[in-house]
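I've put the structures underneath this note.
One chain, subunit A, links the two complexes that follow: it is found with subunit B in the first and with subunit C in the second.
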Partner chain A sequence: MKFLDEYRDAESARRLIETIRQASSRRWVLMEVCGGQTHSIVKYGLDELLSDAVELVHGPGCPVCVTPLEIIDRALAIASRPDAILCTFGDMARVPGSRTDLLALRAQGADVRVVYSPLDAVEVAARHPDRRVVFFAIGFETTAPANAMSVDLARRRRLRNFSVLVSHVRVPPAIDAIVEAPDNRVQAFLGPGHVCTVLGTGEYSELAKRHGIPIAVTGFEPIDLLAGILAAVRQLEEGRAEMQNCYGRVVLDAGNQSAQNLVTSVFEVCDRKWRGIGSIPNSGYRLRDHLREHDAEVVFDVGAIDTAESAECISGLILRGLKKPHDCPAFGTRCTPTTPLGATMVSSEGACAAYYAYGRPPRAPGLRSLPLAGMPKAAESAPGRPS
Partner chain B sequence: MKSLSDPPAAFSVSCPVSASRYDRIVLGHGSGGRLSADLVADVFLPAFTNPTLVALEDQATVHFAPTDRIAVTTDSFVVQPIFFPGGDIGRLAVHGTVNDLAVGGAKPLSLTAAFILEEGFEIEKLRRIVASMKAACEEAGVQIVAGDTKVVERGKGDSVFITTTGIGLLPHGSALSIASARAGDRVLVSGSMGDHGLAILSVREGLSFETALESDCAPLTGLVHLMMRGSSGIRCMRDPTRGGLSSALNEIAQASGVGIEISEEAVPVRTEVRGACELLGLDPFYAACEGRLVAVVAETDAGRVLDAMRAHPLGRAARDIGSVVTSHPRVVTVRTGVGGVRTLAMLAGEALPRIC
Partner chain C sequence: MCLAVPGRIVRIFADGELHMGTVAFGGVSKCVCLEHVPDAKVGDYVLVHVGFALARIDEQEARRVFEVLETLGGLEELEAT
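Let's look at the complex of A and B:
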């Protein structure tokens, strides 16, 4: 398939891996920012293939993972209202709140719908004028334009029964927080390709300059990731610290101007709490004041939310690159994708979920090189309806 | 189980009163009274007619050639949409059950079919489904010998649900079992993975491609017959339906206490299926097939079985995708195109699209 096969080509990958090994005089610590990158790296086993040249630590860029429990509980409270229809991206639907999750709530009779686009939720609102339709608007800068467009469209179509529950996060303040932490280990970043497609690379040039740290903006296929790793390693070896765009077929330095305009017209920057990390200044978007009638937090008064996080979960340390999933004693035993204790296990793009799905340690005794995971029980198999 | 609903004493197959007064299912069609009988006579019997069925006894009597073992399986079908590219719920209900028998090495013989109809369902659609089941039965060489219909109130069902139960004859000496895979065995697949699952999802999500994505729904009886005739080294077969290739391989690895290692590049996946998976954020190794099989075969016989598969229209794209190993018992691993290794775990929960 064009635009995929060439970026998964085995021969090119082998050559790049060899070049990275030769270029690297020591084992550099790189963080891939984006959850989609973590997913690909573990899926293709790139971190293990490169383990002698670089250490890849997994960043906070899974928007589902970092959505605070409080917001999830709020979504659950809204979905429980008999007049509400809650629309959500698929992987948000099974993230457990303090007591239940959206799919379980749906089984009890709540109207929860998985949509591929926030614009589908606007259509639901148009079809059900007697119901209050809420879209669970989470994500990084990548999903912000489409989410903003849903609000803009609902406003122009005068669909007063449409609102969004916003928990948007922005990448650059999170990079600031990681680099400025006293225990930071990260020496270079693989920048988030899709986020930069929207916002451009300007903020990342500033970050690289401000912190003296290389940032290679790259994509999600093995060749993209390897090219990004090579660029970062070369900068580290040569003592440079710049933003380098290794995803030029998609990312323009100026980004997508009309998407940016849309985001700015609907959202404004605010402080935002990240699950597992805590509050980061200026790290989120919220709806602008004149759009309050489309703000689900205003439309639905669900009262005080009382959350209960696991005390055992180390996802905060994993999200900042200080620990790996298998450093956690609960990984794969008390904490699995069907019984997640915290942020990094709840979504398929979280580091713990990726390690679990693609079979990373804990290793069985006597087995050193093969990745193994606890096998899910038969009862966990898919209850879908393909037959 | 009754023979297609509960006909009153006066019921006659040639009853002149037709169900056609209604063009939609009403609750009375499930009453066990006149309307039920009309529906049976008008819709089901003309399509499925055979001496066992038209006797309309409370049970079907099936005559076997002398054998010491029969195979039995049952499956329910709730697919939406009920008509999809490459098939429909009726064809699926026949072939799904036929295939479960066939991959066990059994010759499928008879099916029962139970219909749960929703009040308001168009009888014309029911006729199309029944006609499709008739054709599917002929294709697979089986008969529907007993059945049942129930009607539920509008909103309590989803158009139509079908449950089929099948019985098949096991030849003397055949002993296929998912517990019998051994180190060194080869793992074969009969064709591309995930066609059915992605055909259904594409319709649901309104995706369209330059080439149509069609379900692979088909009876595996002929293919299995060719494979079994050419080799006694087949350890087991599985049709990778829900959970796809991943579940089929994991079930074999678990039951046999062995490891399985496959090559990502060797697994045939159609370009349009890969494309749909990329768009929807899904993995073709977890997507359902309804006319494919996975076989574990003794290494010495693998070439012969592969040739036999390729001689059948449903096995033209058959491939050797990997082997059974001792090194990681009960775990399935995939060697990736770029040289890494990952585990192919069973699906946890429902396959849901990812956000980015």
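Let's look at the complex of A and C:
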């Protein structure tokens, strides 16, 4: 497909990798903050191809991953109501709450519907005036215009049975939190291209200046990612710290003004808790006060929510770039995509799920001696060797 | 989650209050909200996320990364395609 295939060209990728290697005098630590970028980097093995030139660590860039357990439990409580229809993006439906997940609840009779677009949820509300329809509105700034439009459209169409359960997160305050931590290792960031398509690059220029850290805004295909890595490495080598837009085909410095206007009319900035990290000031959106009748947390009183996180999970350290998935003894054994213990394994875009999907083996000692299911034991498959 | 896919607008229409379009992604077509790309025309490529076009793709900018590659030398294979 045009604008995809050419950015996956192997020869161009090899040339960029070689250039990055030559440009890099030491092993720089770079963080990408978008889960889609994490997924691409691990899928194409860019981190391994570049392992002698840069260390790529994976930030908190997956909104599904960082949605707090109590919000997921709240969604489950709402979906259990007989008069409710809960609409959600597909990747959120599989994330386990404290006791169950939305798809399991649907199997027990709850009306949970997976939608492609928030507008589909508005349509469900129009078709079912006797039911209360809730859209689970999660996402980064990229998704905020679409989610805001669902509320705006429901208001204009007077669909009082439509509400949204909001768990929106914003990227720049998370970058502040990562850089300002005393144990921070990150020396440059790959900026989230699609977030910037909406919000523009202004906040990232300020971040680069404020923290003296290079930020290369880039896309999601291997060539885009490598071009971003090269730009960041060149800045580090030259002692510069600027925002550099390496994704100009869709990112304008001013972003998308129409989308920003809609987001501002529906949402306001608030403090938000990130799963695995904790509360970050000004890092989320909530509905503006005049839209409270569309706020599912107001519409549905589900009482107090009591949650319990795994004590073993190290996703908080992974999300801040301090650990890698295979540093965790539970990775790939007690914690897998079907039985996730925490944030970075619950969605396919989480760092742990990406490492698991693309065959990065656990490093924990002892695991190597475990025979693979259905395979003969080493001694049996090596005739002539003393057992 | 922030996955957004480029596609080509093949039709523009109004759906109630919304400015909508049909966008082709390879062999698949979808209805997409064009409210945030008011200047987009049939034939333009747009970047689509959860049913919303977020940007028109700038063809000139799209070539820029390859111009950088050319300065690295040895791009004969790419130029031939």
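In the analysis below, the second predicted complex is superposed on the first by the 362 of 387 C-alpha atoms of A that agree within 3 Å, B and C clash if a C-alpha of one lies under 4 Å from a C-alpha of the other, contacts with A are read in each partner's own complex, and residues count from 1 in each chain.
We take it that a residue touches a chain if its C-beta (ideal position, glycine included) is under 8 Å from a C-beta of that chain, and two chains touch if they have at least 3 such contacts.
Just so it is clear, the structure is predicted and the values come from calculations on it, not from any experiment.
Legend: residue contacts after superposition of the two complexes on their common chain; A:S310 is shown touching neither subunit B nor subunit C.
Once the two complexes are laid over each other on the shared chain, residue contacts for A:T264 go to neither subunit B nor subunit C. Applying the stated contact rule after C-alpha superposition, one finds that A:E48 touches subunit B and leaves subunit C untouched. In the superposed model, A:L119 makes contact with subunit C only, not with subunit B.
Of the two partner chains, neither subunit B nor subunit C is touched by A:T100.
Once the two complexes are overlaid on the shared chain, A:G139 sits against subunit B and subunit C alike. By the touch criterion defined above, A:N256 lies against subunit C but remains apart from subunit B after alignment on the C-alpha atoms of chain A. In the superposed model, A:M149 makes contact with subunit C only, not with subunit B.
Comparing the two complexes, residues 1, 4, 9, 35-36, 63-64, 89, 91, 116, 138-140, 142-143, 194, 347, 349 of subunit A contact subunit B in one case and subunit C in the other.
Considering their complex, residues 1-6, 8, 16-18, 25-26, 30, 33, 35-38, 45, 47, 49-52, 54-55, 57-59, 61-62, 64-66, 68-69, 72, 74-75, 77-78 of subunit C touch subunit A.
Here subunit A touches subunit C in the complex through residues 1-4, 6-7, 9, 11-12, 15-16, 19, 34-36, 61-64, 89, 91, 116-120, 138-140, 142-143, 145-146, 149, 153, 156-157, 192, 194-195, 197-198, 220, 223-224, 227, 246, 248-252, 256, 258-259, 262, 347, 349, going by the rule given at the top. Note for the complex: subunit A touches subunit B at residues 1, 4, 8-10, 13-14, 17, 35-36, 42-46, 48-49, 63-64, 89-94, 103, 114, 116, 138-140, 142-143, 194, 222, 336-338, 347-349, 356-359, 364, 367, 370-373, 375-376, 378, 380-387. Considering their complex, residues 75, 77-80, 92, 96, 196-197, 200-201, 205, 241-243, 247, 250, 254, 265, 271, 274-275, 278, 280-281, 286-288, 290, 327-328, 330-331, 333, 336-356 of subunit B touch subunit A.
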